[in-house]
Structures are given as structure tokens and as C-alpha cells.
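Step one of this worksheet: look at the structure below.
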């Protein structure tokens, strides 16, 4: 079978779309309130070293995915254990994202539809996408994401009359502490979740692209996320904090000339698409993990069942919406810390040592 | 081919029970009467076969016979170029000498294509193809004289794709004429024609056509391989092959293009594609097919680039809207009423007062009715078609609304959908399938269902490959040169390169040197 | 054959899921009652009396839309709203509500119970216009005489929208109101509405402001005062300033149409003392002169400008004084300005801001520019 | 309600398990079957309205224990 490849442009969009995921909906920096934009920027800066480590890893082992790298560096047994952890992490993350989406639909759009139906709809689309493979997924992203960006931009322009810049004041009212807390949340919630993308980067075309993709993907993603959450603050003021899904309400305030109004659907489209991308990637990586752990022939054989399991998990994972936001902002950063920071750092250090050793041997040969 | 022979042998073996002497090696025998009996047997219950025997006025013992099928041959040729010369000529050659047949061929028969043949299979197929068989007593060989009568339709403008600007000729049903039309467009020796015969009973001639130094790598081999795997008894139109060699078998989307216009086929060949002519079909297949080609028209390249870009954008919008509009309407009026502006909401609500059926059902039904009318109007002869139009307009437009069976907006949506889908006749099949699918998921899950459905459709499109080329290749690019000829048509002086992948063997279309 | 089996199975699943689950959120437009306006009163038996205006649609091709007003009672708004189903027979649909009118009586107590449901429910929208009824009964407004539109609520929402040419009532919607309610150092205001008797029919007019302290209304100011309030809040987008000009023995009124106005409110913090300085800059044009005194010249312009400035200054100061002493509610958002300027100082004085506000020193400075004199280059001259 | 998952799994048998069985990819088949049994049990439990405990609770408690609120 032909090896699947994704072009750099598509990978950048994939990256940005993954970052936007459910973040575009929930917003970032819950604690920081009107300084959320600052928390976002600090979060981005904090995450840059981690992204460099991820890129370095995939650069050292081009054409290999996360699980191959773990196997290579940590050895058979340890590698397998960490692989299992990452598989579960990716799987769990996918379930959380699906839950996030379904919760949004249930509260904001269709309260009478059972929540599991929303999960099934999203889950089945993800299963279909993952079965088709990363190539058609990334091509789909390549078609949709630029359109989404244009749409987001237009909506941002339309909100200009509703912006109240005094909502940004007072600057740092409660000191830096909540800002850093918010930044840490942002660091863990969208930005370093990209460790999951290491499981996809094996399909990149060229060796060097990992850095480029991380950089531009982060750039696009961060700009969109920060501008969206700043817009929410500017439009809604203090109210933004008390809404579960502020973006929805912020856009509903738009009314240009009695004609362009009631365009919340744009938020919904952005959300639905990015959530779809994120959960598909999570499902894909989880399936690849299972493939690697059990030495399967192809990851496609387990996609349907894993996807169904993900749907069911997302159904039982939270009892209510309060728990969901509590998790997103309070528990998740700590829960994800080992997978997002500790393991990658260890793996990276070991990898660097191995590479140095190999390099030391080389001159003898020459 | 071996299989063919084997089958024929079997067939012949069965005939031996009928006690008719048929030569084992399927060759002619020396006796004229035996030969005639043989062909009489082969064309047993076929009364169109005409067997005419005659003699030269001098050589009384040289009995001749011609066999042909009535209607397949040009009788003028048979009368004046075969029978008349053979009857009247002075033959000084001795009948016993072995070269009388050769003499006749060289000196008597007036025809551009005469061959000496003794294999019965070949002779039979020649007769069927419209040649005349000339048998001479005492020879186990015969002459096959070309006398085909080609009754072909005149070259007219194709009904399926009319243009305002551009050549008005279209292919007709004759393979040879089609090939000539193409040859007249591309006058280079690099234009290659490869013939093959397909269909075990129809023995349809098929011609693979390509430009040697442009053709995309691998496509030719792939095409031949796929053609080899076809084992069908009849090929009556290129549609048979189109469906048999397509990439995604269960998908409604075609991955093999078809065109009725020589200029279109020539242009596709010049981009590096391969064309497949099928005898008896005015539709010529081209591979690989890109999705975007469905939205392109040959006229785009002949008219001003701004105008043609505008037309392409219109086609894109109509293609998308013909699949999306019913679902969007449904999701707005039954799921997300908060998105409608208030006055619109009020007027839609007013139009729905007293209508018993749910909007989703009436949309399904009305779209179905529209397709019925469309199909009826295509098949009906002209005058009756008018009647259908009137009934359709009255029933749909007036009576149904006034009787409160459907609401007026549903009619409007049906009409818009119908017209937009008719604008893209080339892929109306996929449009109907996708539209129904989207309507179904929308009636379950509103706008979100629609969007998920749309994602699924796009994912599917993205996963399709046509002969190794991604079906949606030019769609997402704006920057590289493939985008010049996708959603828009760049001016000719900009399109200096052939499309990527398909024309990669020789990318330069226009030399940029001065 | 297998394909047939599988497709049969798929069909079965589809059909069963149709039958079993129905189409959850699928709702036909004609099966719901579109609510266009809401009025909330204190109930007679229960706590809340809810009056809703429903758009009634009849007829197909030549449809007629007419309002229908329905009143229900309930313990809470949601309760009352659901009780309405037993009267209307259809589910009320809230996404197109244009106005929410709160009665004077309820506004005196507290509005949070009303706002909360409206804010929380997913069907209701945040861009609804909020109004306080100055009359006794809010429901009366919905049954008042309609002049230009078919539906009262639409007319009201148009009135509010066009207030920006008048500036005699503040603009407010759910987001603005909630932010004012929750915001530190600012109190909410809402426009008021009342029925005026004109030629035997009661016509609703929107003019004036209800001033809140926390979530209770403490007083009302009239339309002219509202304009001055809006000057301080920097929300004036149009309107008319009338200046009396006296020259020799004649006097005339000059109407200035406001085109643009900008107000800068700046707290001057000096240790513990806080002063507010307000700078108003307004661009106007002369739109009407009621006598033949020629003021269309440089000198005349300057004179009118000066007079207008004086007047504006006086009026604004008066309103601020009135609010400070009579209502004691910081509707101008002086506190939030302090917070924005210096959060640390604000932290200290936050607790007793109410007292501080009462005695806050405010200096008002106004600047009026006259841009032109509309289409006439001089005043009308009377020939004697 | 419980009929729906059963019908769904009969369909899944055709499109998911049978091809693997036919291709004789045994490890794939068994892993898939294992996950399939788990999901089928969950589907049946959910359709009968049984509440399955969520795995988030122990994680949440562990983390609040380690890092405080």
C-alpha cells in the first residue's frame, strides 16, 4: 500500500485546527477573567519549548510516529508501557472532546435531543474519517480550514461595533497570580496537547517540516484562540466568565443593518469542524497505539470498535456540565502534565544522548 | 483470445453431430460448393446473407461466388467493381494455374482493400463487418474485398453540451470518423491509437488514444490492465466501460470522464490524459478525471477569462447549492428558527398554516416529483413534453399550494434546487444521492447533521483517486499552477504549464522564451 | 445478495430509529407560538403575572399577522411561561422576543428572578430590549394602540432603535444590563415606557430612565435629564440641543442637531481625594432658528456655542447632583472608571463607595462646535 | 430500545468483523473482537439504563489529593 502523505500546508491547518478544537468554544484562561488575552500569550510562550521538543523528536525520527519513537528510545517493555499510557491519554482526550461538543449542542442548540445522539453523530463521522486515513482527513482540512479562517475573520470584523475596550480594564486587577494560573491552563489545555500530533507526524513529506508546522500551526492557532477569547471579553465584559459558551452569545450580539444578524451558526460551524478534527486525530492516534501495542497488521481493523468505545466513554465520562468545566480548567492541567511535559522531556533527553553517541561513533568511520 | 478459440472449437465440435463436413482446421476447402454450403451453414437462419454465383464469360469452368450481408455493403461497389469486371474481363490465364485468384486480385477487381484469406473465423467476421467474400472454385483461399457501407449520422452539434462560442462538431457513432475528427485537431505523429476488441459477442472495437510524449506515467498501463479484466459479452456504449473501469465502485461519483466533443477530448489529451473511443458510442472516455472537470466547459477556454471565471464560480455555487439548499432550508425552518430574521419567520409560518405534512416529508416528496417530471420531460417526445410542463407547473406551482398540501417556500426551494441541479447535468446522479443523504441527516439532526453530512461527503470526495490522481486535486490549491484552471480560469498567457501530476511528463504548454 | 441483506439491515435500523426516537428537536414553525414581546407584572394570586404578545398568523397567500396577548400566572417566570401552553395550546417560542417590559412594582423589589431565567434559557436571546413600565401595569402597554406596525413589540423595538436620534432614553439589552448589574462601581439604568393618552387612544412612549440601585429601581428621571445622563455615560449619538439666544430686545431659540459627541470621564486621584473631571465635546449643526436674528456668522456661531456650552454644563451638573443626592446610585460608572484607572485605590475604597459617591466632586467641562447651518446660509428675513 | 444496538451490531458483524475473519488477520480479529465485546456490553448496559461508573472520578480525586483544589 502506498504510504500516506500530508503536505506541509495541510499539516499546518491540521495543527491549528487541532489547537482550536474545543478551545474556541470554551475559551481560555478561566481564572484570568479580563486578562485572558495575556494569559493566552503567556501560555503560548510557555508552550514553545515543549513544541520545540516535540518537533525535535519527530525530526530525529522522520517517518516514525510517536509509538515507534517510544519503542526505539525506551526499549521494548518500557516503551510499550508508555505507549499504553499515550494510547489511553489520546483515547481519553478524544472522549473529552466529544463530550465537550455534545454538551454544547445539548445546552446551546438542541436541548431536546438526547446527548448520546450528538456523540454518535460526531463519533461516526470521526470513525469514517479515520478509516479513510489521515490523507483524506488532512485534505478535507485543507479545504475547510481556510474557509473557516475567512469566516472567523469576517465575523471578527462584524463584531467591531459591539466591542467595548473598557472591558479590558482594569489591567491586572488581581495581580499576576490568576493570570499565570490561566496561562498554565492554556498551556495544558490546547497548546501542549499537540503531543498527540506526534502520532500523525510520521506522514509528513519532508524531514524538516516538523518545526515549520509547529511554528505556523501554533501561530495561526494562537492568534485565532486569543483573538476569539479577547473578542468575547470585549463584547460581553464580565458576563463572559459566567457563560459556558461565551463565543455563542458574543456572536449573537452582532446586528449589522438589520440584515446580518443571528449568525451564531458561524460559531457552530467553526466549533463543529475543529472538534471533529481534534477527536478524529485522537481516535487515529489511539488506534495507531493499539496497532503498535498488539502488533496488528493495520490500524484500520480496530477503528470502528475503538471509536464506539470512545463514544460510550464520552457518554459516561461526566455527569454534568459543571464537572466538565471544572475538569477543563482545574483538573486537566495536572492530569495531562506527565504526558505533555514529563515523558516527552525524558524521551527527548534519552534521544539526544543516543544521537550524540551515534554521532561520536561516526567520525571513526569517516 | 485463447479462451475465445477454445469456445469456438467446442461449438464446432457439437456441430459435427449434424454430419456436415466442416474442415477441422477451419480453413476453406477447394470445392466451391462445399465452401458455399459451409457459409450457408454458418449463417443458417440469417436471411440477410446473399450468395451470388456467376461466371466469367470466357472461363466457363471458373465458377465464382460472392457472399455478403445485405445492407452492410455498398451494392454499387459490389456490382460495378466486383461482379462487372469479373464477368466481362478477358482472362487468358489457365484455370489450373495456381494464380488465378492472384490475377483477379491484381488485375480485375477494382477495390482499394483486397486481401487473400483462408481462415474461416476471420472471413466470417469480415463478412459480418460488411466486406464481400469472393470465392473461386478450386481454390482453398478467398478474396475479402472491402465494400463496407457506412451509414452514419451526420456530424452535428451534440445535444448534451451546446456552446455559443467554439467548434460545433460532435462525435458520432462511427469509430473511424471519430478518430479522424480527433486526428484533424492534433496533427502530430505522436498521437497514438491502440485498437482492441472487447465484448465477446459484440466484438466492439475500442481505441485507446494518447499523445506519446505527454501521456501521464502509469495511466496507460493501468487502463489496459483494467480493460483486460473486463469479461463482458456486450459493449453497446462507452458507459459500460466507464462503469467497469471506475475507481470507487460503490460510490456515485464517476472517476472516468465522458465527452461528446472532439475539441474537449483533444484538450484533455494535450493535458496528458488518455482517451478511450468505443465504436458505436459518441461519448469518448477520458482518464484520469478530476472532480473540477465537472465544473469546466470547453467554452471557458474560448471566451474572455473574466467571463469564464465568473461562469465557473456560478457553476460551483449551483453545484453546492443544489445539494445543500433543501437541507439548509429544512434545518432553518424546523430546527433553528432563531436564525431566521423575524419577518421571514412570520411569512414562512404564514405559508405553513394548515399544511398537514411535515416540511421534511414534503421536501422529499416534492424533490421526488421534480425528478419524475425531469425524467418524463427528457423521455417524452416534444409535444407531450409541453403538456408535462404545463401539468407540472400547474400541479406544483398552483394547485398544491392552494390545496394546502405543501407550503409555498417548499415549492420555491424545490424549484431552485431543480434548476441548479439541471445546470450541472454531468453529475446529476451524484447530486441526487448526496442531496437525499444530506436531507436525511438534516431531518434527524438539524444544521449540525447537515454539516456532519457535508464533512462526510467531502471526506469521501477527498479519498477518491482516479487512476492514481486525487479526484479533488486542484480544489484546495490556490497558489500553485493547478489553481489557475480550477475555480477560475486564468488568462491564457498565464497558463503556461500543464496541470501537475497529469501533465508532469512535459509541463511546458507555452514557451515563455521570446 | 449480501449487499441486499446489508442494505435491508440498514433500512431496518433507520426505520426503527425513526420510530423509536422520533425527531427530537424537529419542530414545525406552525406548531409553535412565536412570542414577540413579554411583560412581567406582579401577579394577583401567584407571584408573577406574565403577559406575552404572540404573533398570530393566518391565511396562506395573502396572510395577515396580528398580535394576540395572553396572560398567565405562575410562581416563577418559567412556571408562568409553561402555564401558557395550557392556554395557547402550542409551545411558546422565545427566540424572537423583541422587548421585555418589567412593571414598576416588580422593578421596585428586584429584577433578578426575571432576568435569570431569561439569561439562562437556551432559547431566549441576549439582544432583547429591556424596558421598565412607568405605569401601573406593564401588560397594558402590549395592548396599547399600534400606530405604524402590525405588532406592538416590533414597533417598540423600532422606537428603541431610533432613540439614537433622540437620546432621551438609554439603550439597553441583556448583556449591557447584566454587565452593569455585576460590574464594580456601576449601577444599571433602563429606559422607561409609559402610555400617553393622545386623542382618546393610549399610545406607548419611550422616554426617560429608571435608575437602579443594585437590582431595585430607586427613581426615575425624565427625558431631558436622561439626555444629560447619556452625555456623562458617553452614549449620545444624536439629539437636539435647544439654546435660547437673547440679542438686544429680541430672543430666539436655536436648535442644534447633535452629530457626534464624545465624553471623557477621568478620575483625578490625589491621595484619598477623588475628583471626577468630565469633558464633553459635541459637534452640532444649526437646524432651526426661530426668529430673524442673524446668527449665521462667526460671531453668532461663537455666541451660540458659548451659550450651548454653558447650558450643557449646567444641565449635566444638575443631573449629576440630583442622582448623587436623591438616588445615591452610581449610574454614571464613576466607580468603574476609578477601578479601570487604578485598581489598587479602588480596592481600598470599594466598600464605602456609596458614601464617597454622594459627596464626589465632579467638574464638568463642555465644548460645543457648530459645524454648519444646514441648508440655509442665513436666517429668514421678514420684510416689513 | 435494546433492539437498536443488537441490530447495529449485526450490521457491524458484516462490515467490521467478517472481512477481518476472511482475510485471516488473526491478531487484528481477536483484538477487535475483544474491544467489540466491551463496546457491545456497554451498549447493552446503556440501552437498559444501567449507570456505568465514570473513570474521571478516581483521576479527579487523585489529582485534588495531590495538588489541592
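General remarks:
Just so it is clear, A, B, C and D label the chains in written order, and each chain counts residues from 1 on its own.
Note that in this section a contact is a pair of C-beta atoms (placed from the backbone, for glycine too) under 8 Å apart; a residue touches a chain by one contact, two chains touch by 3 or more.
Source: prediction; values computed, not measured.
Averaging the CA coordinates per chain and comparing them to the mean over all protein CA atoms picks out A as nearest.
Among the other chains, the CA centroid farthest from that of chain B is the one of C. Interface comparison, B-C against A-C: more C-beta pairs in contact at B-C. Chain geometry summary: the mean Cα position of chain B and that of chain C are 69 Å apart.
Annotation: 54 Å between the Cα-based centres of chain C and chain D. Computed from the mean C-alpha positions, the centre of chain B lies at a distance of 49 Å from the centre of chain D. Per-chain Cα centroids separate chain A from chain C by 41 Å. For chain D, the set of residues that touch two or more other chains comprises 15. The set of chain A residues that touch two or more partner chains comprises 109-110, 113, 117.
Multi-chain contact residues of chain B, defined as those touching 2 or more other chains: 335, 338, 446. Those residues of chain C that touch chain B in the complex are listed here as 23, 25-30, 32, 34, 36, 55, 57-61, 63, 65, 93, 95-96, 98, 123, 125, 154.
Against chain A, in their complex, chain B makes its touches with residues 335-336, 338-341, 441, 445-449, 451-452, 455-456, 458-460, 462-463, 470, 472, 475-476. Listing the residues of chain A that touch chain C in their complex gives 107-114, 117, 166, 169-173, 235-239, 242, 249, 252-253, 255. Note for the complex: chain A touches chain B at residues 10, 105, 109-110, 113, 117-118, 121-122, 125, 128-129, 132-133, 135-137, 139-140, 142-144, 258-259, 261-265, 268-269, 272-273, 276.
Interface residues of chain B facing chain C in the complex, by the touch rule stated above, are 333-335, 337-338, 342, 345-355, 358-360, 401-402, 404, 408, 443-444, 446.
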